[in-house]
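In the two complexes that follow, subunit A is the common piece, with subunit B as its partner first and subunit C second.
Now for the complex of A and B:
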């Protein structure tokens, strides 16, 4: 596979719906693993997904998925599985028929389609209800059968629009485990979700969208460190939080140091995280303050979302 | 970036012929239609006229049977272009009813359930989706128009050696005339199904397009003292095209049952062709506007 055939590449892509902006000037390269699209309603997440699948064409620019222009359904949909956010089901089908029929549309032979449908049902734990009508499924079951149809043909790229919506905590945990597994297998798993703490847990990287523009992209810690105008929050656990706080206040880059209610940790807000970490080393050596743990407190999707998108009026 | 181990394998089994993949949709649609009892009844009823015609052709050639039921063979209707045109007229009305009942349920449920992205997020194009749905109507309507029509033609040719060769034009007219009509009906039914999500309304609109437009065209002709109003009357357009296809001086009346063209009211055949093609074009445009893998939400 040549480098040109790796990844999902957006090259200066814009998409307008008449006068309404979908996305504008998007340049992206999405690597394998789990990538989350995060942004408020109307930020362009679904447009981005529809462009990746070739269901809509860009007004300007080009999209390539694994080197294939995203306008060739015969080639692209052999390698892409799409789970839309809508409850989209043809009328009157059972779960099994639903998967089997769509594998036939893929061009699979009947015997292979039967095996593929059964395997996909097993993977989403719907074997027992396979022969019940989809219309009678619960919300969680419908979500899972949608995921099954997206992965039944074993695609390299899985594009999942709001796949966690409507799932109970147990089903959500199972689904997230499935995403992690797919990501670990080397697939491209692109997930849009509003459930930020769970997105944070599974994502190798995030793409933050707002009003049709990509606000930030990359590994979440990298994105956080680029947000210079918001002091970084670091939680330090130590037995002498008062002493540590007084030592830290001597530094210009430390904006705030507050002792937590448990009396064994300090929340520090700093404009220069690297200097803070060096300072903590010095504190340990020179002042003999023991540190039990140091961890960034706002290098997560939720915080990055708050810093980058909230000021623009976005609400998840 | 993380290091991933590619542990999955893509499907490498045999694929079916992409040219016929749209038939998966057709097959599923027929399964669904089969469950609708009323439609089965209409389909069954539509076979009565061809069976009657077959019996008539048989009697026409069976003098002993005619003698038995005391009918003078010379008083029987001739089996000619008029006979087949009348057959086509009746069966085309059945085809119309079938299209009006079966057509609206083909696309609208997919639109109502947002199921189109499911089909189009496959190696499957919009054209194939339309073909899959259209084939349902084309096959269904063929079964009540040209298929039994040609069987009647063959029966007559068999019972009257040499007749078939001398009247090949009738077979051509029957086939082409039926195909134009069922294509028009199918496209119209699908287009209405794609635009009107409520099935009964879509079915009613089918009737509206034919009968209301027919009445409207008659009103235009009356008020403006012209015959060009017929351009809005699809059954009139069809009747004129059929007359040209059968191309024989018709002895009884001027055209087929419900598609009769009043003498002197004929408009040029090429105008009728253009008008029918325009209707098909409009239907295709309507389908292209609605059969999409996404829904545009305008702010």
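Now for the complex of A and C:
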């Protein structure tokens, strides 16, 4: 496999809807694993997904998925599954008929399509309601049948637009576990979601979008460290928080050190996380202060979102 | 061409056909098309029942049927039936927000369009061909042995064959026109009205313009002229009809080209349900 055949590549892609901007000058390479698209409504998440799958064409630039131009559905969708936000289904079909019918459109033989439909229904726990009309399904069941349709042909790339919408907590947990498993297998799982803490749990990397532009991309910790104008928050657990705080205040890069209510930890805000970690090592050695734990407190999707997108007026 | 996976395309066309037939035959949104197909048949059945006691003869009813076929079937029922069936093949899916399911499958869009067209054709041919048969039979069945004689030893069977061929070609031609329109235009009423006017004024156009229409070829194939004179003749009679071979080949070829263009054009079709 050549590098050109790896990943999902946006090469200077812009898309306009008449005079309205969808996305502009997007250059991206999405690697395997779970990637989250995060941004407020209208930021361009769905446009990005629709471009990847050829449902819309770029006004400028090109999109390739695993080396295949996005405008060739007959090739792309052998390797890609897309669960859209559209909550509509062909009328009169049961869940089983829906999956079976569209697997036949893939060109599968009848027996294979039957097996594929049954397996997909099992995967989303809809076996018992397989022969009920989709029109009578609850919102969560409709979401699951869409997921089943996207995954039925076992694609290498799974693109999911708000896939957790309408799912109950149990189904949500199962679905997230499934995404994690697919990501761990080296597949591409691209998820847009407004439930940031869940996105944070499952994502290997994040793409932050705002007003049609990619604001940041990469591993979440890497994206956070690039946000220079917001001090990093680090939570340090230790038995002598007062002593530690007074030691830290002597440093220029420490903006704030506040002892937490539990009396056993200090929340530190610093402009230079690397220097802070070196300082903590020195504190342990030179001052004999024990540290029970050190963890970044705002290197998550939610914080990154707040720092980068909230100032522009975006609400998830 | 030989490198293309024709066996796969065939399977996929059949799969699309299967899904579309389910939707088109039994959809609630298409109830009025069944009414359209039933309306001329109802007239013929009523005519058959009521004319038992009147002094009609078989020749007269043959002309009446020719009038019903040209005016009620070709210019009304089949025309609007095809608007409803074929325009909805794409536009209906857009309105129901379900077209993307086809576009998210590993299938060439041309294959989807051809599958959809064949499904529409099957439904239209079944409804309007069936209705033509019912009308053809019930308008004359009360003549008993005279009808049997006309049918099996006279021109009856030939007439029936030509009417069925003409109805099928009407579905083929108008179907191709409206499949393309459904792909290109958001509001189907505008192109439906434009094509209807064009087809309606066909007899008043110069000869070369008459040939750029479906109705010109269809009228050329009908086995019986409605009336020789009067205002109805202006609509129903073609002064210079095309030979049958040309009419059939012309409709088939033009329909094929329109479907081909629709199929190629579908590659640029975008899913934008918010429109």
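The rule we apply is simple: the second predicted complex is superposed on the first by the 316 of 316 C-alpha atoms of A that agree within 3 Å, B and C clash if a C-alpha of one lies under 4 Å from a C-alpha of the other, contacts with A are read in each partner's own complex, and residues count from 1 in each chain.
By our rule, contacts are C-beta pairs under 8 Å (C-beta built on N, C-alpha and C of every residue); 3 or more make two chains touch, one makes a residue touch a chain.
A quick note: this is a predicted structure, and the numbers were derived from the prediction, not measured.
Novice: Clash or fit: how do subunit B and subunit C relate after the overlay on subunit A?
Specialist: clash
Novice: Can A:106 be said to touch subunit B (first), subunit C (second), both, or neither?
Specialist: Both partners.
Novice: Could you look at A:156 and tell me whether it touches subunit B, subunit C, both or neither (first, second, both, neither)?
Specialist: In the superposition, A:156 contacts subunit B only.
Novice: Can A:55 be said to touch subunit B (first), subunit C (second), both, or neither?
Specialist: A:55 sits against subunit B and subunit C alike.
Novice: Using the superposition on chain A described above, determine whether A:71 touches subunit B (first), subunit C (second), both, or neither.
Specialist: Second partner only, subunit C.
Novice: Under the stated touch criterion, which partner chain does A:82 make contact with: subunit B (first), subunit C (second), both, or neither?
Specialist: both
Novice: Looking at A:33, would you say it contacts subunit B, subunit C, both, or neither? Reply first, second, both or neither.
Specialist: Once the two structures are laid over each other on A, A:33 reaches subunit B alone.
Novice: Who wins on subunit A residues touched, subunit B or subunit C?
Specialist: Ranking subunit B and subunit C by residues of subunit A touched puts B first.
Novice: In the overlay, answer first, second, both or neither for which of subunit B and subunit C A:197 touches.
Specialist: neither
Novice: Of the residues on subunit A, which ones does subunit B touch that subunit C also touches?
Specialist: 17, 50, 53, 55-56, 73-75, 77-78, 81-82, 84, 86, 88-92, 101-102, 104-107, 149, 153.
Novice: What part of subunit A is in contact with subunit C in the complex they form?
Specialist: So the residues of subunit A touching subunit C come out as 17, 50, 53-57, 71, 73-78, 81-82, 84, 86, 88-93, 101-102, 104-107, 149-150, 153.
Novice: Name, in rising order, each residue of subunit C that touches subunit A in their complex.
Specialist: Checking each residue of subunit C against subunit A gives 8, 11-12, 14-16, 18-19, 22-23, 26-28, 96-98, 100-109, 112, 267-268, 270-273.
Novice: Along subunit A, where are the residues that touch subunit B in the complex?
Specialist: Those in contact with subunit B are residues 17-18, 20, 31-33, 42, 46, 50, 53, 55-56, 73-75, 77-82, 84, 86-92, 101-102, 104-109, 112, 116, 149, 153-156, 183-187, 204.
Novice: For the complex, give me every residue of subunit B touching subunit A.
Specialist: 1-2, 4-11, 13-16, 18, 21, 24-25, 28, 32, 109-110, 113-125, 292-294, 296-299
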